[in-house]
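When the chains are written out, they are named A, B, C and D in that same order, and each has its own residue count from 1.
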Amino acid sequence: MLWLIPILPLLGAALNGVFGKRLSKTLITSIAVGSVALSFLVAVREFLTMLSLPESQLPILTDYFTWIQAGRFQAQFGFMLDHLSGLMILIVTGVGFLIHVYSAGYMAREEGFYRYFAYLNLFVFFMLTLVLADNYLLMFVGWEGVGLCSYLLIGFWFTRKSAADAGKKAFIVNRVGDFGFILAIMLIYWTFERIDFQGVFSRLGEASDFAVEPLGSVGVLTAIGLLLFLGAAGKSAQFPLYVWLPDAMEGPTPVSALIHAATMVTAGVYMVARSAAIYNHAPGALLVVAVVGAFTAIFAASIGLVQTDIKRVLAYSTVSQLGYMFLACGAGAYAAAMFHLMTHAFFKALLFLAAGSVIHGMGGIQDIRKMGGLRRVMPWTHKTFLVGTLAIAGIPPLAGFFSKDAALWAAWNDANYGKLLWLVGVIAASFTSFYMFRLLILTFYGSPCYTEQDVHHVHESPNSILIPLIVLAACSIVAGFAGVPPVLGGDNHIQQFLTPAAHEAKSESLGTTAVELTLMAISTGAALAGAGLAYLFYVVRPALPERLSVQAHSMYSIMLNKYYVDEIYDSVVVWPVVRMSGEFLWKFVDAFMIDGAVNGIGRLVRGSGAGLRHMQSGYVRTYAGWILLGGVLVIAWFLK
Amino acid sequence: MVTTFHYLLLGAALFTIGVIGVLTRRNIMIILMSIELMMNAVNINLIAFSNRLQQVTGQVFAIFVITVAAAEAAVGLGIVIAMFKNKETMNINEIDLMKW
Amino acid sequence: MLELILFYTFGAIAVISGILVITRHNVVHSAAFLGATLFAVAGIFLTLHAEFVAGVQVIVYVGGILVLFVFVIMLIAVERSVHERQYNKQWTIALITSAILIVEIAYGLYRGRDSLVLPAVVPPAAAAAGGNSEQVGTALYTSYLLPFEIASILLLVAIVGAVVLSKKRTPAEE
Amino acid sequence: MNLATINIAAILPTLVLSVVGIVVMVAEPFVGEQKKSNLGWLAFAGTLAAMLSLVPMANNRGQWYSNLWIVDDYDVFLDFIFLLIAAITILTSMDFLRREELNHPEFYSLLLFATAGMLMMAASNELVMVFLGLEILSIATYVMAGFRRADLKSNESALKYFLLGSFSSAFFLYGIALIFGATGSTNLLAIADALRSSKIQISLVSLSAALILIALCFKVAVAPFHVWTPDVYEGAPTPVTGFMSVGPKAAGFAVLFRVFLTAFPSIEDRWGSAIWMVAALTMILGNVIAVVQPNIKRMLAYSSIAHAGYVAVAFAATSDRGVSAALFYLLAYSLMNLGAFAMVTIISRKEDKLVNVTDYAGLGSKRPGLAAVLSLFMLSLAGVPGTAGFAGKFFIFRAALESRLVWLAIIGVVTTVISFYYYLSVIVQMYMREPHDEFSDVRLCGSLKFALVISAAGTLYLGLLPTRVLDWTTTAALR
């Protein structure tokens, strides 16, 4: 029955893709939503079946046919269900279903309605293939497939040039990551002579001190780990390959919610967790994962501080949260990473959908400086957005608190630079809290900054949009209780649930209860501090940030200013942060360096192509000359 | 004393003359003739080897080469004429509609 | 000694006419010198006791291919092209590369020259088994029967090709 | 030799093609103007008959006709590819010739003869035979490239192909002459025997191997001998371009593998490294220059150069694994590339006018079926998993890794990554650009549909279930 789970959305995609042009909207919607709903039901059933089995019978392996058989090389077309993939299929089909429902309302007036749903269903199919695959090669099929769908959906509104460009950028950056993944698969096959998860993991011990020839002394497992992580970094938008994600917000908002927040971008985390057995043998690679994760978490969060586009704030926030997941993976706490992945899927999908509701109600405006006071007009959107904000900020007892705390606690216990990584994580948490509350306040509180000229009729969204919001909000509240740590009287279900599948490396030096509680308090405090600061800036003294950014450009005004104490505080603490994130990180590192590098590679290829094509002068004599020249060289080589 | 080596050098010289002709001349007819020179150079090699090895096969190959040369000449001249009907030139450098 | 004289005479004619083929401005002159080269090569074949091939060379090459060339040259105007620039601009590069080519070939031949001396005794090949023509004919119709038949397909393709390319155009094509 | 050793079955497919070729030609004057395309179906039937006659041929393994002709699994598999190529090309051409009012049935004759030439190349155990087959193929292809006689581009394509092709043929001949002188034979097995006996002047052998390599590299269009390809492909009538991009290439590789792995294994230290460099250069040049091509025929020409580079990687592996991967790749590449060119034939419309990538804008919304099929071919050429192109590349890179050609495999992967850019740009045009054309005059007749179905089904089959064909290529590669 496992095969039904991905096949149903594929069927939906095929039906809508081929016949969609001639079908009514209702029929298209019911095919698309229905196929994912059925798929969800089957997934639940399979999940329950799996739970009823004793652990020794896991994972459930089903090989449908031999995909490639060549000598000793074998790749099955087979699925593998264990706790890890079980959790993922529930998230993908569950959140996917809600977003399909939402899309039915959100995209109702779009041209190419059928095309949209065909792509979306196809995406779900590939995502499920990725998650259920029992070998790296099949996983790669899904991996490429989701990339392709994401690319098509980002460019869905192709009449906007920025959308088409964003699609292209996502595509190019992901090539770099995929390159790493392919090399990793090749290296895995080279080392273990197999590519199925079970087979590779069972032979790990034999390969631990096998060095790769062209890489010198780097161990092969470290090399595999690093290459896999390169792939993961591309798909999951980690530094420096994150650049495509903020631009990907050009796609329709439900797409941002499903693909660029809840599911596809977490594929990298899933892949690292799936390969946990390899990483546990490669501490060097693990350290890189942790450091890159932590750095991305704080880097993206600080860029998020100054963004004004509602979706871009959320996009940087996604990058930052993914950083937490990798931080947890790097610390060996794969269960914590998956836990955060799950809660993040709920609250980030919620935030995006709520943002979509706002954009919908505002008639397409995305700039938060032009919003304000929407609390009264859009009560349900406001309530759900508030829940999402509280959850992501890590305010207890919402979901984000428990999962983020699990990640941070794992970082603290990491033997390598654990305390430092933890500190980075906590600072990033306060940033997160700040920008989320800033977003919340600017959008829903205060007085409206838009005029009736800009927006004709601000309105609450229809039910097909609100119901998914409410369901997701409920999930964001309760999901955290799956992982209440023992110190708070829970028994951390999710940790125990995932441990066998994730090959958890148990850390010996767990801190004491008191330490854990203290850390928890500190991180909660950091979250509250961020929220408080946002309150201070945008509610108590709304003019402050405005002035700050003006003053950031001229040191004069700081000197002349009367609010001397305020100003010193501002200039010492806030100004560097604003300056740092606004000017340096965003404009220089992000927009100039990394974007530049991505575009640079593209330009380099195009440039060399444009240069090299002049080999082709169009003259027979030149061609004969090239042939003779090549011939002379070949003869010389042969006569050496 | 004439050795096979002498004949082979003669062949190499003729072959190179043909190559130079293809590379430097602009007139299509002369390029075709240069290619014929290259084929003849090869035939000298074949016959010289046939003589040295006392095998008649080299001569058989030479006959095949002449056959091929005839076939190529017929088709090549056909192509030249077909083109000449559209564009009255024998200058190969004017044949550059397609490039890059 | 006679052998030596013949070789150098024919060789010199072949090379010098060859050079003239690729240096003359007038295509008709080039064709004439090509004829000289072809005859000289036939002479070379004779010195190597390949009478049959020498005959084929004269009949097919000079009598067939060269005549075809001259036909085409007559068919298309030559006046204009005589006055045009004759050589490509990059002829120096071409010459240098070609020089390297001949040096390479000569070097390869020179290193292998030990195996390239003529057999000590030169028995007239023809004496072994009838005349040269008979030997060639036997080889063609026994061992090389298949390529011989294939060559006929090759000629057929050439005929069809030449006809297709130069037959009268249909109104639609014009 | 007496006449008793004549074995018709061993040359039956070649014979069938030649005879049908002649019949098509002879029948032409007796067929009315309207029914001329029926001769196309006759030619198609000829390829099918030749495919059937592979069975008696396969039952006559061994060397025939004074060891000039060899029948083995390698030969049978390649013949199958060649006949498939011919069949699909005929299906693509029928509508094209009618549309362009070029309905001369000689076209089919030439195509059948060219295919017979390819069959000869694959089955030859002897260099002079290889040369004759090569010339039949080349001469027929020169004429087909110039088949649109009134079009200057087509003339130019034929002329360039002819001049450079003859130029490289002369190198091939020179190589044959020298190896004949060095070893006293042009039979591949005899050459290999002679080379083993060490009394051979290695410099002569190297020189001739180099000359043969140059000429064959020209035929398969690998750098730096690829320069003729883009111009010739752009100017030739589109179905002919499709044929040229797969047929002569596959035949050239067939000869390259057989000659070098059978006759010259003893000097592998020389040609192995040369092929390494050629492969690397080809993959880089082909893929990088393709990125900037606005004309889809030219883009596919550079892409075909790049694909030759991937096959060259398999060649550089110099192992049975490499040969089997190359055979698989040739089949996969032939199917997807012919499919792509069939689509280009359809979209380019009267006089091959619309051949820019931008002319495909909005095809996805106007003709979703066609767009989906073309997307499949593009994804397969790019090597997306689940398609023939992926399986093919995968096997090639695996063979390269097993032969410890790590860097070559890495270059291959990097350039594959680059290739996504230009293949996907076609998909972008189809799905993400506003249509400025209704595509209402795009007609799709039965034969073209048939061609597309065969190529698309083959592409998917090889991508999803490559095992059976791979087993076949594995037996074909063992010698």
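In this text, a contact is a pair of C-beta atoms (placed from the backbone, for glycine too) under 8 Å apart; a residue touches a chain by one contact, two chains touch by 3 or more.
Computed from a predicted model, the values in this text were never measured in an experiment.
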item	value
Of all other chains, the one whose Cα centre sits farthest from chain D	A
Contact-richer chain pair (by C-beta pairs counted) among C-D and A-B	C-D
Whole-Å separation of chain centres (CA-atom averages), chain C against chain D	31
Whole-Å gap between the CA centroids of chain A and chain B	64
Between chain A and chain D, centroid-to-centroid distance (C-alpha), Å	44
Inter-chain centre distance, chain B versus chain C - centres from mean C-alpha coordinates, in Å	6
Where chain B touches two or more other chains, by residue	4, 8, 15, 18-19, 22-24, 26, 31-32, 48, 52, 57, 64, 68, 71-72, 75, 78-80, 82, 92-93, 95-100
For chain D, residues that touch 2 or more chains besides their own	128, 132, 135, 139, 142-143, 146, 149-150, 159-160, 163, 167, 181, 203, 206-207, 230-231
Multi-chain contact residues (two or more partners), chain C	88, 94, 97-98, 101, 104-105, 107-109, 116, 143-144, 147, 151, 154, 157-158, 161, 163-165
Pairwise touch network: line, ring, star, complete, or other	complete
Sites on chain C touched by chain A in the complex	88, 90, 93-94, 97-98, 100-101, 104-105, 107-108
Of all residues in chain D, those that touch chain C in their complex	1, 6, 11, 18, 22, 25, 65-66, 68-69, 101-102, 104, 106-107, 109-110, 113, 116, 120, 128-129, 132-133, 135-136, 139-140, 142-143, 146-147, 149-150, 181-182, 200-204, 206-207
Residue ranges of chain B in contact with chain D within the complex	4, 8, 11, 15, 18, 22, 28, 31-32, 35, 38-39, 41-42, 45-46, 48-49, 52-53, 55, 57-58, 61, 64-65, 68, 71-72, 75-76, 78-80, 82-83, 85-87, 92, 95-100
Complex contact set, residues of chain A against chain B	613-614, 616-621, 624-625, 628
Of chain D, residues touching chain B in the complex	128, 131-132, 135, 139, 142-143, 146, 149-153, 155-160, 162-163, 166-167, 169-170, 173-174, 176-178, 180-181, 184, 186, 230-231, 234-235, 298
